[in-house]
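Common to both upcoming complexes is chain A, partnered first by chain B, then by chain C.
On to the complex of A and B.
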């Protein structure tokens, strides 16, 4: 009888101890943060270029946009060109295309970007560096 | 009164002094800027930058090619911090200078050697060197990489 009461008391003690440890789970997910997708990147930079107040900010954003391991989407470039137009700085617009030329992988991609951005380039009257300095 | 103000506006638009839209800068003023930009005085540079800035407010298709080139050169041209490390021709100069220096050194060495007077030291003849080898062998000198004194 003594043995059975002991066993019962042990069992009674064992149950709450299990439930106490059930509360500990992995809470330190330091590496668990959201990675920005290409679409989110595009949306972020489009918005930033639209809100850029001065030439410094436009050039800073261009530096940042071209610093990633991706070529910014034509929509981003378009907003960048419009931002250049808003702050009235022609050379930065030319420079944007120059940066694009260095950022893409091959000449076909550059040609595709130029084709895509043909309208806005014509509308704003932006020349390429190749057109300004044909010999170099 | 309204008429008067209209007249005033009309007069202002015709005057050459207070024109809001600046005229195109002449080619003589901004052409070939690459050659002379850095020799311009600070004040001239500032003036030129301001003039170009005023022109860039207009639609860019109205800018002349010379203005576009000048604006691009001032912003991103190869001057100041963007100046390339070596100007064209400087690499060749450095290379041939180094080669010339080496050749001059060799010539100087050979010349001084040819001026050396008298016979060679006694230790430079074959017998002496072989005797040295014998002695070193008797002392078990350097078994790893050899000890030969023969030159």
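On to the complex of A and C.
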């Protein structure tokens, strides 16, 4: 029985395992999806962050929000920070600012975002990574 | 609560290319990998072993040194990691203004430091883009001044963190660690021996079965058998006796 099982598995390996649908999966037609406007995008993520039940969902939403060709609006970042506070995860709040720092194209934009989010950052007591690990 | 960031998007692009590693760094990596393997074995062992009486392994530890030196968190047992996480979480549940710098740094190290699945993320405490951002760096934006009606597009091609050079080894199924390899080869050897025995030796070569005999049980069974035989004999004699009587015996009397 063992021998027949081994033979069967060897036979299975001999056949190249190329899915019939591999070719279809390789192409992602984003144009087929409904493209959101920046306003819709902002409203969607604000709502999603408000409803995020746990840290997993907050981090998933952060990954998704930063995976577009625009920087999320300050309102979205604010809701993300409030969600971090709600799930009591301080490091993710720090990481949100870190992600913002490298998402914007220059230091001036980062400074503008920090200015815009100054109040919420002060209210919640969130440090930046620069403050946690100052460069020697 | 302090779970690592989970990557959901699939992609082909790369974030940034790390510097080539020197032989010293590679040797250091190997040493760290060996330490981690030992720690894993200890953790697995601690799950199965009855640790009663071992003392220190199950006793809560003083977490202050861990707060002072967060990198020590990675070397703790699962139990003690849980203890430190609980202590930290209790702090995070309260006002963040009251957090100490040590608590903040420990949380950041646990979440995003170079241990566990982020083992090679050596720039975690530097002012450099992390290796697991869901967008390429330097960032390329559609516009710096989006209007409400500006269309938002997903990054194309999407970033595939599993293909990042720093994580290629982790996701490479051909490069297994020594412990896993050992168990795979052990399984193959056992399977080969079993196959050989099945084909060329058969039942004659089966392992000697150890039979444990209970003399009291044997005695009880023998007693029962003896009683059964006696009962059968008695029953047969009675039957024979009843058959041996003829109808005219009564008449003769």
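The rule is short, and it goes like this: the second predicted complex is superposed on the first by the 101 of 136 C-alpha atoms of A that agree within 3 Å, B and C clash if a C-alpha of one lies under 4 Å from a C-alpha of the other, contacts with A are read in each partner's own complex, and residues count from 1 in each chain.
Assume contacts are C-beta pairs under 8 Å (C-beta built on N, C-alpha and C of every residue); 3 or more make two chains touch, one makes a residue touch a chain.
Quantities reported herein were computed from a predicted structural model and do not represent experimental measurements.
Aligning the two structures on chain A places chain B and chain C in clashing positions.
Counting the residues of chain A that each partner touches, chain B and chain C differ, and the larger count belongs to C. With both structures placed on the common chain, the touch criterion links A:92 to chain B and to chain C.
By the touch criterion defined above, A:102 lies against chain C but remains apart from chain B after alignment on the C-alpha atoms of chain A.
In the superposition on chain A, contact of A:51 is made with neither chain B nor chain C.
Once the two complexes are laid over each other on the shared chain, residue contacts for A:119 go to neither chain B nor chain C. Of the two partner chains placed by the overlay, only chain C lies in contact with A:63; chain B stays clear of it.
None of the stretches 92-100, 200-208, 218-226 or 236-244 of chain C clash with chain B in the superposition except 92-100.
Counting contacts as defined above, chain A residues 85, 88-95, 98, 124-127, 129, 132-133 meet chain B in one complex and chain C in the other. Partner chain B is touched in their complex by these residues of chain A: 85, 88-95, 98, 124-127, 129, 132-133. The part of chain C that touches chain A in the complex is made up of residues 1-3, 5-9, 89, 92-93, 95-99, 101, 104-105, 107-108, 110-112, 125-127, 129-130, 133-135, 137-144, 146-156, 158-159, 191, 194-195, 198-199. Those residues of chain B whose C-beta lies close enough to touch chain A in the complex are 53, 56-57, 59-63, 65, 68-69, 71-72, 74-76. Interface residues of chain A, counted against chain C in their complex, comprise 2-3, 6, 28, 30, 35-39, 41, 55-56, 59-60, 62-64, 66-71, 85, 87-95, 98-99, 102-105, 109, 124-127, 129-130, 132-133, 135.
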